[in-house]
Structure formats: structure tokens, C-alpha cells
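Next come the structures, one after another.
The same chain A turns up in both complexes below, where it pairs with chain B and then with chain C.
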Partner chain A sequence: MAGTSFLLYQKRDSWLERWDPRMKIVAVLLFGAALLLTHSLGLKTAQLLLLIVLWGMAKLSWRVLAFTLLSLSIFFASTMIYQSVLTAVPGEDMITWGWISFSSQGAVRGIMMCEQIAGIVLLLALLVRTTSPIVLAEGLEMLLKPLKKWRLPVHEAVMMFSIALRFLPILIEEFDKIRKAQLARGGGFHRKGVSTRFRGVLPMLMPLFVMSIIRAKDLAVAMESRCYQGDEGRTPIRMYRLRANDYAVFSFSIVNLAAIFVW
Partner chain B sequence: MIDIRNTTFYYNASQDDEEDAGHKPALSHVSLNISPGEFVAFLGRNGSGKSSLSRLLNGIELPTEGTVSVEGHVTSDKAALPTVRRAVQIVFQNPENQQVGITVGEDIAFGLSNIGWPQRDIANRVAWAINLVGLDADEDRPVTNLSGGEKQKLALAAVLALAPRYLILDEATSMLDPVARRQFVATLHEVRKQYSFTLIYITHHLEEVTDADRWILFQSGRVVTSGTPADLMEDVRLLQDCGLELPYYQTLAGLLRESGIAVPAAINEHELRELLCKSS
Partner chain C sequence: MQIKLDRVSFTYGKRSRNKPPAGPYVLKQLDLTIESGEMLAIAGKSGSGKSTFLQLLKGFLAPSEGTVLLDGVNPHQARRPELFDKVGFIFQYPEHQLFSTTVFDDIAFGLQSAGLADEEKEARVRQAMAAVQLDYEAFKDCSPFELSGGEKRRVAIAGVVVLEPEVLILDEPTAGLDLQSRTALFDLLHAMNREQGITVMWVSHQLEEILEHATRLIALKEGTFLADGHPHSLLSDPVLLEAFGWEEPPALVVSRLLQELGMIETGGQKALAPGEASEAIIRLLNRQRITV
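Let's turn to the complex of A and B:
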């Protein structure tokens, strides 16, 4: 199931996996900012294409990419309609096709909006699918270290986040199992009608919820038993060193961000 | 040595003794010694307190009354807790709920990282642990695509990497199929030849612990008795009261004994076969 593996890291020995996690997070933020801030259709399109190239370089599956974009198609459609038909500003060039009439500037706005949505989703997917959760968490924690001075529970928050990522695939699998079990008993959410469907979801969410709590309790005990005591006295599991490669990625991100002021 | 002295334990203990009077303790007045190098089995029905005691041994829970000490360190002493934890490690029942890492290597490294293992030696230690349990997986293998048996071997490796002196297996084989279970037990004994530790084995399957030094029987939070397997096996009634079933060959040996055939008490399946083959 393509959906199950969407957020799952798998070792593929790609170039992107070797980036330092800190630099990867910074690059994602800078790239995301550039993507959101630029007003140029050309630049946004180029950035999106670059993300797709990176997807290929990360050796990620094209099927998953297609699935991801397809699952966003409702957003795309509604954005396009909203921007080009519903909120057309008087005075914009209106194009009429049969009974539809839409604004061409609105259509460009819509396309840029869609590119933004797709870009952010791909960016995040690239980040989590090319970085192991523990490495990601350690990178995030190193970046957020200054916040510890104000006694913010940086380590705890980051640990929670990485464990959530670790358990997501198991939860999805469990949801699938429960769904099938409910289907076999004649319940479930293939039924017609919104309210029947909705009521069909509840009996699935309850066992999932209960199981997650049991799991969380078990895991907390197992972690504590393996000497986990917050960030006190921990050594990172890997040595993190910035290499030339990471500086190159950083420079590129800065240039990319600067480009929005030029175009 | 582990020294458990007159220990009573309530989950959610209240400050007020009167309130405790209402609900049942998970353990009451347990006293027990476990010597270094020993192989002991905790046996008894579900809910008889075996897991609770194992959690007391590494300080995950603290006794409501009495003391638990590990090599002279009392578990309720906060300063000694890290030492106690490291000395007493537990492999739990559910293979899925005890792995923190996404890959085999990361999961083993998690514990090492917690105890501040020198960073540059973590990779070596991970490789050592994988090799020790004979896990057929490199460190980059995702945990999610290991089988149940492999996951438990990983749990064993992750725990042994910390060099514990006491290892508790809390029904570690109960979710495995019979083949995986036998393999796991074989691995465990193989490991114990190379690297010695005190083994505390919690199970419902007596055939896994016939070669233990001592069986400890639990019933409703109390230790009913303890003794060598050979001695306790003779008391079928007591075993039944504790919800335990002898392996079938043992039951057969008992029946033969009842019909007047001289079958020694401490007999294993191979000896019984010899005996039967000879007599026919």
C-alpha cells in the first residue's frame, strides 16, 4: 500500500541520505521559505521540478510520488476554482469557455498556489523519507539546543516526534487489520451515506486508540528499562560533522532564497 | 546478588495505609535471594505477580514496603538507580512494543547512547551484539521487516549490548510460534555459554526451564515455594494449583511411576525413551 510507506524512511544509500541532518532541516526551511515567498511562476515551477529531480536522486519510488500528488488533487481542483473563478478581481482578463468564464491572472495564482502545496508536501516527504527518525531527531535537537536555556523540553518533544514517526507504519497496518476485521463482520466504512460511514469509523478508532495507549505504556517501560533518562548523559548514536557537501547545499539554499528578490 | 526483603507492592500506592486495605497488592511479603550465575524460573498464573516483581528488580517500580537490592544497591536510592538499571535488563513479551529504533543498528545503539557509551565505539558494540545473538541481519535492516523471532533476538541483542549481569526474560517467547520459540531458547543458551549472566526466566512453558537451577512458584502475589525442578515436578498437585502443566513426557513418567514402574524423578525425554525402548 503506497499510503503506508509515505512517511517511512528506508535505507536506499542515496546521496541525500548522507547529508547532515542539521543542514537538511535548515535547507528544507530555507527552500520552503523561498517556495512560499517567490511571486514568479517560472521560479516556483523550477523549484518544484528541482524537488522532483531530488526525488529521483533519493531513489524514492515514482509510484509513491504519483500517489502523493493524486491524493492532493482535491486541493488542487478546489484551489484552481477558488482562485480563477470565485475570486476573480474585476478588470482581470476574463476568458470564456462555453459556460465557464475564468480570470487568466486568477489561473496563474491558482497554479502557483498548487505548486506551493505540492512543493511543501514533497519537501517534507523528502526530508522524512531520506532521514532515519532517530537521526532526524538528533539533528533537530542539536538545532534547537539554544531553546534549552529557557527550559523548553526540546529533547522530550523531539523524542516524542521521532517515536510517533517510528510507530506510524505500525498504526496504519493495525488500522488496516481492524478495518478488514470489521468488514468481515459486515460493518465498516464502505457503506453508503455519510453518517453511516462516520458511525462505521468509530468502532475502528476505538480499538486503535486503546492499542496505541497500551503500546505507548509498554514502550515507555521498555525505554526506561533500557536506561533512558532524558538527555542526561547521552551520547549521540552517530558522529555529526558538516562536510563540503553540506556547505554546498547550504549555499545553494541561500542563493535560491535570494533569487526571489531578483525575479 | 539480588536481595528481595519482605517486599509488598501496590500499583498506584496511596500515602494512606487505610486506603490500601481495600485493593489487593500485586506482591505481598515476598522475600527472595538470587545468586550470581543462577538460572531461575518465575512460574505461576497470569496476574500472580511475576512481571511486577521483575519491574521491581530494575527499579522501574519501587516497593511499597520492604526493599529490593541489587549487588548492594537499594533500588529506592535514586543515585544508584542507573547502576541498578544497567545491571538488570529485561526482554519483554511483545516484540513490537520494545524497539525504539527504525533499524536494527539504531535500536541497539539506543541503549548504548543512554548509558553514555563512547560514541566512536558504538558501531563496534552494535556489530558485536548482532553477532552474539546470531541475528541474520545487518544493522541497516528496518526493524519492521524482521520476523517475530528475529525481533526478539534483536531485543536480546539490544539488552546484552549493555553488558547486564542479570537478564530477565518476561514471557519473551510467548508470542512466537513453536519453531521460533525453540530457536530463541537455543540462542539464549548458546549466548550464555559465551557470556555468563544470571538468568531469570518467566514462562508458562515448563519444558523451557527443565534445566533451571531453581523454580520459584507464584500465586496471587506471593511466593508459594521454591526448589529444584526435580523436586517440584513431583508435586503435580501444587503445580496444577499454580496453573502449570508438566510437559507430556513428565506426565507420562508420573503415570508409569503410579503403575509401579521405577522411573526416576528427574528424567528428561531422551532418558524416558531409552527406558521405554529397553523395556520392550
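Let's turn to the complex of A and C:
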């Protein structure tokens, strides 16, 4: 179930949900840049802690946070090994524990790298989890509006993005159902060796593709029958206005980004 | 095969030792014995726990409390999940699960890991296709995607039947089928039940269908069995009908009225067949003409 709700937005009436989507996206970009650009361990840790505080303010579940971080544990482990053991530069202080020796600078590099990965993932998770897909798509579209001058299909791209996001949970649910159905008629292939199990991949993916195509077709018909005709003449149902709140978020992001150059 | 549920409860919430389970119970303290060869209908509104109940019987889910026994063995405890292979499970809209390039391959999917010789495989597929009334020669090389809806569903059912299950569970098998396909499907289920002694369990929302085909009805509400018995007696029970918001099936109403008028002498346990009912009505009309 944790997998199904991984990218789901649920209304929780938190403060973060009331932020303007445009400002939220800009803030995510600025915060992400700051997170990637700092070379100070302290600052990176502080930023990560801030994200965790925001997670709490967004009333998101701590279990999901733990699940998110745990799912990255292989990345963390390999990053740590790579940074501190494999790429130790000669001349760094080497610390030896039994048969392992690693450089302390390498370990710090590793920790920073892990914090970066965790930070970016949390940042995006926060964005997606506190913004409904439609609002997110509208915000993105407004931000990318200037690109329309060069005839880039901004609206279409954003629509595709939001539909994909919307259908992800349905796809996961459907996969679970198909998996069970094929197990039910598979004669116990899932309990046998790797090669027999491998034969079960096509039976699970094929119906999923077929259903997705059928669903896409249905969706297209449904959209057209509701008079959707792309960007042209489309009026927004929601008007977005930046409030003091949003300017504060924006200023904070700028200050945060500037801080890395001062530090 | 006998299936026995002993005080089975189920919750989707995580359970940890020494702690009451988190989350609400989907099924509560179910006791049930299903004997070999029954035709069992399961009714209940959506959200009443029907799907969860069926998935417990197939072993997709393990009960949170209580035990599921197949012929007296608890497959979860005995670590013998292969016992659940004797239970065939056909999901709603099974035609959505077809994947192969030919009907033959699709039906034979379950036999692939059984290590059968080609001739035997062919014989089993032939038999399964005969069971669902699909002509072997005409259909075996077709693509399943170019068949009609009813044919696709029969291919999907053959894919389960080919494994020779002892119990067949179907989740709303008639959803989206036309009247003819519906009748054909139930003919097929009856034939399998009669000739091979297969226990058939299906979820249905059609009271007429239950009345016509089931020998036993289980009505689920909010995770508990509200009723368990013969459909004729249950579906004429006003208390039960009230609880589910059902209306008494017309066949039962007519039978009951005719009985109240003294035109038939059955014990009220039986709905009349259309022929019997019309005969009784004609007799009634004739008698009234005479008395007038």
C-alpha cells in the first residue's frame, strides 16, 4: 500500500497546500539549486532538516517519510562506499577500522552526497504531495508560458505530464490485479525457478499495455466529448494571485541560495 | 474439496504481536463450511468484503485471525501454498488478462510450468475449450484480441479450467455479458458442477440469477454473514430483503401469491418455473370464471 500512495496527493488542509503553485515550483528549483551548490556540510544538513520540518508542517505521515528514505538506502550505501573507500585521494587522513580503511574527507563527501539525494527526493515529494496534480499542471503551464512564443507545445506537454501523474496510482492498482489474475491461472509458476518466473513477465505486462491504450483512447473520447480542444480559447477556472505568504517563500529561497555564496 | 473457515477475521491494517490490529476489520469472525459440489452465490453491496473474502479462499490474502482449512489442512501454516492451486479464481472481466498471440498459448499458459508433454498439453487445452464450448480447430490459432467479448471471456475461463480446479470462484462472471452469453456461461458452470463435481462460487448482484442457479446463498454485509441458506427461503424473507434494500424477485412473489390463493401445494420453498406458474394462473382464472 505504501507503494500505491507514494506519489499521491491527498487533501490535508496544510499551510503548504495554500502556497501558490508557481511560487512553489520556483521555490523548489531555487532550494534544489542551493542544496546542490553548497559545499558546507552544516548548511546541507540544515536544509535537509528544514525539509523534514516542512514535511511535518504539511501533515504528511512520518511512515511515508521513513519509507521514502529507506527506499533510497541502496543509493546511500553505494554512494558512501564509492566516496569514502573507492575514491579516497592519496594524502587524505585515512581511518582504519579492522580491515576497512576509509578517508574521513571521503566520508564527509559521501554524507553530503547522500544528503543531496535525500534532499532532492524530499523536495519533489513535498511538491507533489502538497499540490493537487491539476493545480501543479496549471502552475507549470503559467510558468512556461513564455516558451509558447517559440511555438513549443507547453500546454500539451503539461497536460500529458499531469495525466501521467494522475494515472500512476490506477496503473499500480491495475498491475496488482493483473498479477493476481495471472497467478491464479499460472499453475504456480511464481513458486518455481527464475526461468519459469521470467515467463510470467509478458503475461503481466501485455494486458497492462493493452489496458493503458484502451484507457488512453477512452480518455481522449471523454475529453473531446467535453469539448476539450487544446489550449485554444481555454479559460482557467482558478485564478492565482500571489500573496504576502508567497513572496515570503520566494524571498526565503533567494536568501537561502545567496547564503551558499556568503558561507 | 471442502473449504472451512474457522473464526476468520481480516484487516488490511498492519498487525504486530501483542497489539490489537490497526485499522478496521474488513471481515469479522466468519465461520463457514463449503462442501464439495455446491453452487454457491455470494451477494452483498460493494464494500461489504466480498472481494476480500474470495481472495482469502484463493490464498492471495492470509487471515489476520482464525484459519482457512482446505480439506482440513491450513496451507499457510503447513507451508503448502500449492494447495491453493486447486482453487480456480476468475476475476471480474477476465478477458482483460489475455496476453498471448494465439488462443492456444493463452489457455496453455498455466500448463507451461507443469512439464507436460505436447500431446497431453494439447489434450488438456482441447478439453478445456470443449468445456467452454469453443471449437478447438476454429479458435486455437486465432488471436484472442480479435474475438468477441463473450468469446474472450470463455477463453479466459478456459485458461483457468485447464488447470482442473476442484473449486471455481468467479467474481461477477456475467458483468457486461449479453443474455445469450449469460445463459451459455451458466450452462457451462452447471455442466462442470454436475459432471465433474466442481464447487462453483460466484459473486452476483442479480437476484433472479441467484434464484435460478444457486443451491446456497451467502449474503455479506459489513464483513459479516447476514444470511446463509437456500436462496428461495432467504429471498422471500422480508427482514433480509429489508436489510439489503432488495425487492423480492417476481418469480417468488407470483409463487407466494398463488400459494396463498391455494392454487399450488408446494411448501413455499420453491419458485415456480414459468410453465407451472402460467398453468396455475390459468387454473385460477378458470375457477373464478366458474364461480362468477
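General observations
The working rule: the second predicted complex is superposed on the first by the 247 of 263 C-alpha atoms of A that agree within 3 Å, B and C clash if a C-alpha of one lies under 4 Å from a C-alpha of the other, contacts with A are read in each partner's own complex, and residues count from 1 in each chain.
FYI, contacts are C-beta pairs under 8 Å (C-beta built on N, C-alpha and C of every residue); 3 or more make two chains touch, one makes a residue touch a chain.
Keep in mind that this is a model prediction, so the values were computed, not measured.
With both structures placed on the common chain, the touch criterion links A:Phe75 to neither chain B nor chain C.
When the shared chain is aligned, chain C comes close enough to touch A:Val210, but chain B does not. Touching more residues of chain A than its counterpart among chain B and chain C is B.
Within the superposed three-chain model, A:Phe161 lies out of touch with both chain B and chain C [touch as defined at top]. In the superposed model, A:Ala184 lies in contact with chain C only, and not with chain B. By the touch criterion stated above, A:Gln10 is placed in contact with chain B alone, chain C being left untouched.
After overlaying the two complexes on the shared chain, residue contacts for A:Pro133 are found with chain B alone; chain C is out of touch.
By the touch criterion defined above, A:Asp218 reaches chain B but does not reach chain C.
By the touch criterion stated above, A:Gly233 is placed in contact with chain B alone, chain C being left untouched.
Residues of chain A that lie in the contact sets of both chain B and chain C are absent, per the superposition on chain A. Contacts from chain A toward chain C in the complex involve residues 1, 177-178, 180-189, 191-192, 196, 199, 202-203, 206-207, 210-211.
Of all the residues in chain A, the ones that touch chain B in their complex are 8-11, 132-134, 163, 166, 169-170, 214-215, 218-219, 221-229, 233-239. Listed in rising order, the residues of chain B touching chain A in the complex are 55, 58, 60, 82, 85-86, 89-90, 92, 94, 96-98, 100-103, 106, 109-120, 122, 140, 142, 144, 158-159, 162. Residues 12, 55, 58, 60, 81-82, 85, 88-91, 94, 96-100, 109-114, 145, 159-160, 163 of chain C are the ones that touch chain A when the two sit in their complex.
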